[in-house]
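Encoded as structure tokens, here's the structure I'll be asking about.
In order of appearance the chains are A, B and C, and numbering begins at 1 in each one.
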Amino acid sequence: MEKTEIASTETRSRNLGTNATGADLYSLVERLYPICRSITGNGVRETLAILKESVPMEIHEVPTGTEVFDWTVPKEWNIRDAYIKDSSGRRVVDFRKSNLHVVNYSVPVRKKMSLRELRPHLHTVPRYPDRIPYRTTYYNRTWGFCMAHAEAEKLRDDTYEVCIDASLEDGHLTYGEFVVPGETREEVLLSSHVCHPSMCNDNLSAVAVMAAVARRLAGRKCRYSYRFLFIPATIGSIAWLSLNLEKTGNIRHGLVGACLGDGGMIHYKRTRNGDAEIDRIVEKVLSDAGAPFQMLDFTPYGYDERQYGSPGFDLPVGCIMRTPHGQFAEYHTSADNLDFVKPDALEDSYRRICEIVETLEVNRIYKNTHPFGEPHLGKRGIYEHVSGPEPTVDEHSVFWVLNLCDGRHSLLDIARRSGFSFKRIQAAAELLHRYGLLTELSGSDV
Amino acid sequence: MEKTEIASTETRSRNLGTNATGADLYSLVERLYPICRSITGNGVRETLAILKESVPMEIHEVPTGTEVFDWTVPKEWNIRDAYIKDSSGRRVVDFRKSNLHVVNYSVPVRKKMSLRELRPHLHTVPRYPDRIPYRTTYYNRTWGFCMAHAEAEKLRDDTYEVCIDASLEDGHLTYGEFVVPGETREEVLLSSHVCHPSMCNDNLSAVAVMAAVARRLAGRKCRYSYRFLFIPATIGSIAWLSLNLEKTGNIRHGLVGACLGDGGMIHYKRTRNGDAEIDRIVEKVLSDAGAPFQMLDFTPYGYDERQYGSPGFDLPVGCIMRTPHGQFAEYHTSADNLDFVKPDALEDSYRRICEIVETLEVNRIYKNTHPFGEPHLGKRGIYEHVSGPEPTVDEHSVFWVLNLCDGRHSLLDIARRSGFSFKRIQAAAELLHRYGLLTELSGSDV
Amino acid sequence: MEKTEIASTETRSRNLGTNATGADLYSLVERLYPICRSITGNGVRETLAILKESVPMEIHEVPTGTEVFDWTVPKEWNIRDAYIKDSSGRRVVDFRKSNLHVVNYSVPVRKKMSLRELRPHLHTVPRYPDRIPYRTTYYNRTWGFCMAHAEAEKLRDDTYEVCIDASLEDGHLTYGEFVVPGETREEVLLSSHVCHPSMCNDNLSAVAVMAAVARRLAGRKCRYSYRFLFIPATIGSIAWLSLNLEKTGNIRHGLVGACLGDGGMIHYKRTRNGDAEIDRIVEKVLSDAGAPFQMLDFTPYGYDERQYGSPGFDLPVGCIMRTPHGQFAEYHTSADNLDFVKPDALEDSYRRICEIVETLEVNRIYKNTHPFGEPHLGKRGIYEHVSGPEPTVDEHSVFWVLNLCDGRHSLLDIARRSGFSFKRIQAAAELLHRYGLLTELSGSDV
């Protein structure tokens, strides 16, 4: 029976689902790129419908006016067209060319005005004159256009026709949720924001990566339950928390994913607690992987980890990124485009998150069944695995596991103390478990 | 009502009393300089009488023979004149020129003797031949003279007339005490020694600074009660502790001040505990001030912090100095004079101690009233204070305060974790308090 | 009565036994060197008989087949002769020249064979062609010879006569045990392995040093009881633990000694806990000694500390070495000979272990009898010891001891916090104890 369990664990490790490639991930980013998303509206619905083709998620609609903690779900925003035409009728700014041209959540407008009247409604990035900035006005009823600074400089005195053909009406806030039920009700939360219009790194990169992780776990019986949220930032996580209060107590670990497609190294921002199991696991996985990475301390600004980590919840949710928001020049501009994200980077992010999940799954506490002195390995034939022509475990890992499996150290603890990779320690533990020298502590024994 | 409270806090911060200038502080040092003080006697009385002109302190007289723990209050020492005359009648050493010339607490003497007999009673500093050293003989009944080494070298074989016109008789140990009652009985102890004769840095500098801090707090209703002690070193603090045992339990924080007028950077010696609130506050205040400073670990030698920090009390009392005793060459010599202390240094010491006091006053624990997710700042108009043309607080501080005001973090904790200045965090907390997003925890809630 | 106690402590410190010199230690190594030892057999008996001449130890015999935890005491191995003869009858390998030539625990063999058949039974160290390696086959019934690689290269095709005149029969596992009963039943365990044949550093060096420490403590009434074990590695410590389970609860501190004669600096491997009193004491003693040394973290491989530190026991037993096993090129070869160990190194190891023992003995918790303020040292005449012409203690140490003797700090804690040497703090504590300013806490007060 023990052998059966081990076998199933190994099967589990090997068949955690189909691997996504960088090309797969990039294709999904490409397909989602043109859609004009916002914190509400059809852009999010269209995005989630595409994700649902491969991840059988549930789509939730929260009505305008719903009270969610200190917030209220806003009116739904939809836009059909927008432009600024000069007196000759030429579109000098055209929403059809880039949805960043319209300040997101602008109220509808249709009027003629002089350049002087128009100026306060125009937003540019003088430092990068060719880039269109991304601006929003969710909670301030106004309107505006974003454009390349070089283009704005060319505008002459003229009478302009300004049109934002948008609606701001009672409707819904839409989000996607996908749960993979596990052996226990303890949950891992994986969250990414889907509210940004045509920008690739922030945040189609993370949407694509998280969807691939979800696809890999779908239908599998994991130890933990996994909950994937594809939500508008801030109001989305606040709405989910408010409407699912009773579920938050099951969340044991969590990751917000953002900006996972650029060429920078991985950055991990620790949970509010700063020393949660997820923090230690991510650090070990990244360290074992051998590539440069950066651990960052928690700050209460950034992505939705600030909501999950608000003092009323204090959930152990970290944030995994490549280059952090605001630290790349393309951030929140039209330069965050399909050239800026790379298939290799997407695939690397995906692999790391899969490794984090796999490590969470197998990071258990075992107890040495022969704790008085060392057990006699030779008489059990264990040395064959250690010193045979193709050893699967190393002797030092075996001794570390035997020594520290006292019911107080997880495999992660042992890997950290020994300085060995998690996989080395895990292999030794699986071998010793198979030979009856370890028993797994059930929750109540721990 | 909340607004009123906030207003009063702000008034408090602005009007903590009249600011002392470097010139004020220096003038007081000048005025106190000529007086011959000791651990008992009229010099201390005269000193305290001058301080009392501006600080309405109580003068305590503890009779000779009073048992104070392991010690006994000694006989009172007073001196009128002292000299060494050569056979021509010329005063080769003259107490009227410097009171350092007499070993403090010398027994009376009047006799003629050869240079050879006199020699063992003469003290000099060969390394600094122009300086008169400061020596005492509190608990050893002997007598002596201190003089410049260069002058001692000039003494010829002769018959000298030696006179110390002093008295050592039953009397009192005198000290000054000034209490500013606060909203609570919890106390801050501010202690400085007044027993040294004509030396400026050690310790008229600290006496003048502490008196100015006392003047600033006088008549104000602070959160804490403030107790100022102007006492002779060692025997004075031991006497106060012994006679006020029941009050020591109220002392929450304390500072001994010493050597606060020289041109060196501020040094702070931590309390015996090493991580008391006062230790963390002083470090933050000095760090925020931007000038170089040095934190020192507790040692059981130095000033009266060694008595307050004796194991039977273990009071959280640190010691604030500029250059520590024994680390400046002028220490305990006539070179510790009016040239050695500087108005700027005195004022800087005064300002830092005022900032420490102000930080102690406002370092409270608040609780976020909307701890589930972030509160909606926009709808409350809080962003106007954050992003208006003259922002009074910064957004990041607002988020740190909201995130960490969970009832377990003081403002100091938040400032330390965020890495922001205390004032930045304090400003954000006051703004949020004004808008009802924070409540202050009363003592029993903490 | 207190004075009597102090006097006896001082006598104790001075007369901890006769000092061993490097020459004494080296002589013992020389005498033990030729004996062929193994984990069982007459070589160990002969070794222990020699040790018993100066250390009145008890010799224990554990029968073959005894179950000791997961292990079984093996058959006893004894060897009389062994050789490989070429066809001319010349001994090309001769056990009489070096007992390392035979793989320890080889089964008996006597047959003729070709070089090709012989090869798999020959072990060499190609990197050091002149050295004979040390090999064992305790739990694998086979046989073999070890020889210099240069010699093995010279072997020609020939018919060789192979003889190992050994027996592997029911018998006993032999170990020596010597207990010095102390004032309490709390024990210090000092363990070294005696199972290696003719190698000096590993481990006759430690056997000689531990025997000298035992001789020094013999007949004395120490605070702790001292238990010395001279045992075969692994199976010996496992057997002792299994047969003395009820005694293991008394072990408060312990040291395994190994490789104590080479010219390298001392290395100390911490206990499994990593911050046991023995760990802190060893670090302080080595640091106070002024010579370079290295502290190593616990690993579950090495010597018998891995058995004492197995999770079922978790005994606070560290390991003291000079150059650690495997880190010197002579390790487990014939080059670990009488040239490799040095009298000076042996004596230095011995002295350090004596200092560790002495520090354990006197590291007590005292309580200041006058904890409120400083006690008046002058009136007690204590300053005479501090500032006389030949001070025995220094004033700063006196103040540290008075300040930290609050019932929560041992002398070691005080020495570590002050940064002073243990002896300085100890001298101050003994002085203050003599003058009644300290009382020693009994076990139940601590």
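Keep in mind that, in the parts below, a contact is a pair of C-beta atoms (placed from the backbone, for glycine too) under 8 Å apart; a residue touches a chain by one contact, two chains touch by 3 or more.
Treat the numbers as computed from the prediction; the structure is a model and nothing was measured.
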Interchain contact steps from chain A to chain C (minimum; 1 if touching): 1
Same or different contact residues where chain B meets its copy chain A, judged by the half mark: different
Chain A-chain B separation of Cα centroids, rounded to whole Å: 55
Numbers and ranges of chain B residues touching at least 2 other chains: none
Interface residues, chain C side, partner chain B - complex: 368, 370-376, 378-379, 395-396, 399-400, 402-406, 418
Interface residues, chain B side, partner chain C - complex: 68-71, 139-140, 234, 237-238, 241-242, 272, 299-301, 306-307, 309-314
